[in-house]
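Lettered A, B, C and D in written order, each chain numbered from 1.
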Amino acid sequence: MINVGLVGGTGYTGVELLRILVQHPEVNLKVVTSRGEEGKPVADMYPNLRPYTDICFSVPQLETLSECDLVFFATPHGVAMEMTPDLVANGVRIIDLGADFRIYDTDEYSKWYGIEHTCKDIMAETIYGLPEVNREQIKDARVVGNPGCYPTAVQLGYLPLIKSGVVDTQNLIADCKSGVSGAGRQAKVGTLLCEASESFSAYGASGHRHLPEIKQGLAFANQNKDVGLTFVPHLTPMIRGIHATLYAKLTDTNVDLQKLYEEFYQDEHFVDVMPFGSHPATRNVKGSNFNQISLHRPQDGDTIVVLSVIDNLVKGAAGQAVQNMNIMFGFPEHTGMTQPAMLP
Amino acid sequence: MINVGLVGGTGYTGVELLRILVQHPEVNLKVVTSRGEEGKPVADMYPNLRPYTDICFSVPQLETLSECDLVFFATPHGVAMEMTPDLVANGVRIIDLGADFRIYDTDEYSKWYGIEHTCKDIMAETIYGLPEVNREQIKDARVVGNPGCYPTAVQLGYLPLIKSGVVDTQNLIADCKSGVSGAGRQAKVGTLLCEASESFSAYGASGHRHLPEIKQGLAFANQNKDVGLTFVPHLTPMIRGIHATLYAKLTDTNVDLQKLYEEFYQDEHFVDVMPFGSHPATRNVKGSNFNQISLHRPQDGDTIVVLSVIDNLVKGAAGQAVQNMNIMFGFPEHTGMTQPAMLP
Amino acid sequence: MINVGLVGGTGYTGVELLRILVQHPEVNLKVVTSRGEEGKPVADMYPNLRPYTDICFSVPQLETLSECDLVFFATPHGVAMEMTPDLVANGVRIIDLGADFRIYDTDEYSKWYGIEHTCKDIMAETIYGLPEVNREQIKDARVVGNPGCYPTAVQLGYLPLIKSGVVDTQNLIADCKSGVSGAGRQAKVGTLLCEASESFSAYGASGHRHLPEIKQGLAFANQNKDVGLTFVPHLTPMIRGIHATLYAKLTDTNVDLQKLYEEFYQDEHFVDVMPFGSHPATRNVKGSNFNQISLHRPQDGDTIVVLSVIDNLVKGAAGQAVQNMNIMFGFPEHTGMTQPAMLP
Amino acid sequence: MINVGLVGGTGYTGVELLRILVQHPEVNLKVVTSRGEEGKPVADMYPNLRPYTDICFSVPQLETLSECDLVFFATPHGVAMEMTPDLVANGVRIIDLGADFRIYDTDEYSKWYGIEHTCKDIMAETIYGLPEVNREQIKDARVVGNPGCYPTAVQLGYLPLIKSGVVDTQNLIADCKSGVSGAGRQAKVGTLLCEASESFSAYGASGHRHLPEIKQGLAFANQNKDVGLTFVPHLTPMIRGIHATLYAKLTDTNVDLQKLYEEFYQDEHFVDVMPFGSHPATRNVKGSNFNQISLHRPQDGDTIVVLSVIDNLVKGAAGQAVQNMNIMFGFPEHTGMTQPAMLP
């Protein structure tokens, strides 16, 4: 059993972490923080947890958090940077579900997030927490930057193509669709049911914060050569799920693409390569940590279409964070995440 | 480990049973039948199960099913009656999620379901599988009639009031709302997304098949005296969940109703009595086997309002069936159902 | 053509009024006010109006509003009371879609809305704007209090029963379900898509502000004798629509209830009595000003069930307000509201 | 007033046509046919029409239909081909909302629709009913092939780019999202609420019947040179709306794209070019015949992104058909379609 703390337990990634952690056999949930809800039982805000925990929100304190083996940050960008140095100094390992430790180029971080990066030294040792890419380094990491939801779906979908060098990496198009929970639990007019349901629209089409994170991951797979990527996110009238529709031009049309993907992911528990020409639905992975991928080659032309789906709150956030925790502490990678997706 | 069979694995209660059973630590899933889908992998129809099972649908055969310790029927009414006698004779225990073994009065059954009851002898030993009422008899039952979704929500909500004799049992009103999955997976115009979403309506207001089942259970609680009940079900534009709003006239206005409910259910793992005056939402129990109940007494008058919510596919069907299985085979009652509801 | 002003054009009742008014053949839309959005084109906030109007939000000013023949208030309670006296003094007629002019008993108003009523003199001449009840008085009214959404659906459903004296008026139960737009356009966590969709719950079960308004209307129909009413509202995961399920005990079981309703509403353009035993769906009236009603008598007992549906934003707010305007200015009652409901 | 008939009145495009036609000032609705529903009042199937028409479904007969000035076909492909020759011979003008008269190359039609084209002679005089392209020819057309929903959204979005020759027409990508009503009203498992809501997926990614229609229109705009197009449709959990996200490589990066679009559509009543960089939502046009378009140029690169939204049942089907009718009979083009979209 390890002692675990959660900073920022009121948002959707926070409650999703709690949904998994309260029944994780190796986890003792020691502290859940919220400045605004201090003293309130977590289960009052999230009644689905009533039968599982009596823990109350507390204000984040270095002393209490330092008693944990691991602290998750499910906070807006900027928050994790403040507390991480002291916690690390006290021997606490960190998984940040926010954006502070995702982008190695801290100038790029500042450009997109509009604040100074105050942990440049820690960034030097931080590991980007995409297990399918960095599993070995995650094992011993002190600080893990948990990937964003779009970057997870897009990178897992593109990696085999880019690593094998069979597509034109300068003309990638990622048309992505996300459920509304990706926008978080803050009270905003735009995500009211009456605004976001029965409608579909793009947003941030001219530039979205996940773009530099995606390009960083794809460039890494591309032998550190930049890729050319157009990324357009869309808001979809549903709670959970991301569907990435990925387009690329084949430079080699003779490769067996299905074989390429099946072999690339054959040892990955949470990546499911479906039969060629199938259509994964986001509901296939709802509430689970799985990523489903399928391939299409319309009219047998030189355009490859990759369909990649995840649950944005699980593999796109809390589930991947627990997967990283399991790796960091030597638990089987799917511990605490053994249930199938909920369908229907 | 017990060997378990499922007859009728293609409907929503069937896939929900599979979602629970594929990761139940005491269950070996031996056979899943479907006449229409013979030979097809179950996971082709339900891709959420791809990482969990390779089992294929087979046609129901007495021989194969007889190798099971327990067989679930998730079939339309009439089907379970055909095979149950032979299976019981072969020592197989039965849990029927359909209607065949719910109503002890077989004439009443025929009146509402329009077919002859062909297992009258077996009905004599059948146990109505509401664990909170019949736990002891369920332990040794050979045949369990798993309750309907509305009857579960309504009975659990009314039982403490009726058993304690504090309400007028001749003027009960149960206004119930169900998600669309209650209507099943058959292709019907009425449950198309374009028909059932963004709309709300009652159905069967003049008489619904769950009425006799509810009245049977409430009469049993009422020392076998009939109750007067008006039951109006409504179709709600969501996938899962039942919300029962129950009205009754208090004949004793001095009783501590909250205390009555908390004590009545204090030993029940799956019944959660919420604070007086709260409002349980169906999402609090989505995907879980819990029933949440709260009480209201508008303007401190003599009308008591009970709010009772369940997931119609779990506590209203598959989860309650697994709860019954756990009781029948001596497993802890919540085995295989340890995860919190999925919120959001 | 009449000059019309709208105070509070940013909420859902405001935009619904604009949707009707911009193509109303007798209306010249002169001013739309919003303190927060001054100078912004209305169509920037509501792009569905882009092809229809260039009008911009302005701050409410007595001078400008006084140039109107009619001013609608689509504002939170309290706002209309402030400006109405001066506007009436300047000869402007008023329709308040808020609550300020609905409840004749100003003490009752203060009790439920928590503020002093500052227009007691004007209340003396105010007409409650339910055309099916007060059409004649509305014609010459200077100030009309436009009914709330629940009160419209419940009163229209109960009126024939109560006026004809065939039910026990001391034991009425109104179980009501509303779409989320009834909660308005303010940014609140509770009405986010991720909170309100895929879930169903009651709210205000112990007491809701529409209760005194409903009881006032039913008492008026009951020869000014109070009625006993239990009213429980529920939040339904859809944008528009109210479904009222109304229960009453028949004191006379020989009356032809269907005939009673058909004759009672035979001259009403916007009330549609459906065949006995049918089930109106809220989508049948979505976007229209119609109210559909049907009757049920379960098991031919002494309980009558009335199903009454409206679009909460139209007959429950903006459409009824335009209906009142048409009556006040002598236009055919359905002018500007000639389109059928949008189905699907 | 003209006499109008509708063949196939039971589907969603049929009822949408009726929603518009029953209040169209120039239309006398003479006959609505359905073989399956003969004799049944149309309003029994579509209760939103109860206050508007008593017309009953009848079986399609040449004699009755020949009394009409215009007959709409809202039928599956193949049906319109059967009756059109005789009706045309009797002087009846035809608008087919199905696919029979959309594709000039009848071999291509047969390849995608799997049936012989039996009206090759009539195809020679048929006009493809996209008013923004063929308005002049539509005026005198005897037979109009009403465009499909995807082809309307994609063509209107791409036309200015292709006609002006500023993009690489060999590498177009159209990522399209449709509401579920596009799949029609047939009872199919895939479009049940429990299958299609709270999920998102692509379909027909390897080839969809609308592809040849889109390529025909774009080639026509491209001086009859073929275009290279990848078209991936997706099913979106909402009733109405199509959102086309269109990608193209600029061959000329100096052109003022916004000016190009605004001038191209300056005289089009139903095409609304929004400000550069905005994001049209499908709800902006729900229930209306408008098409909203906006442009993006991510990171000021050489990729142009066009966002084009319509209501698939209106501008994508019934509304465009009425627009064509208005053109054919000399009515103002927006007659009967004067209401703004319904928002929320």
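Please note the rule applied: a contact is a pair of C-beta atoms (placed from the backbone, for glycine too) under 8 Å apart; a residue touches a chain by one contact, two chains touch by 3 or more.
Note that this is a predicted model, so its numbers are computed, not measured.
A.B. asks: Please state whether C-D or A-D has more C-beta contact pairs across its interface.
C.D. replies: If we tally the C-beta pairs in contact for C-D and A-D, the bigger total goes to A-D.
A.B. asks: Which of these, B-C, B-D or A-B, gives back the A-C interface, meaning over half of its contact pairs coincide by residue number?
C.D. replies: Over half of the A-C contact pairs recur in B-D.
A.B. asks: Just curious, how far off is subunit D from subunit B if you go by their C-alpha centres, in Å?
C.D. replies: Centre-to-centre distance between subunit B and subunit D: 45 Å.
A.B. asks: Using the average of all C-alpha atoms in each chain as its centre, how far is it in Å between subunit C and subunit D?
C.D. replies: For subunit C versus subunit D, the centre distance works out to 36 Å.
A.B. asks: Indicate the whole-number Å distance between the mean C-alpha point of subunit A and the mean C-alpha point of subunit D.
C.D. replies: Computed from C-alpha means, the inter-chain centre distance equals 39 Å.
A.B. asks: Taking each residue of subunit C in turn, which ones touch at least two of the other chains?
C.D. replies: Correct list: 12, 181, 194-195, 197-198, 237, 239-240, 280-281, 283, 286, 344.
A.B. asks: Hey, which residues of subunit A end up touching subunit B in the complex?
C.D. replies: Listed in rising order, the residues are 12, 15, 19, 22-23, 46-52, 181, 198, 239-240, 269, 272, 274, 280-281, 283-288, 290, 292, 338-344.
A.B. asks: Subunit B touches which residues of subunit C in the complex?
C.D. replies: It comes out as residues 171, 173, 175, 177, 179, 194-195, 197-203, 205-207, 228, 230-232, 234, 236-241, 243, 245, 247, 249, 277, 279-283, 286, 296-299, 301, 303, 305, 307, 309, 344.
A.B. asks: Under the stated contact criterion, what part of subunit A meets subunit C in this complex?
C.D. replies: 12, 180-181, 185-189, 191-198, 237, 239
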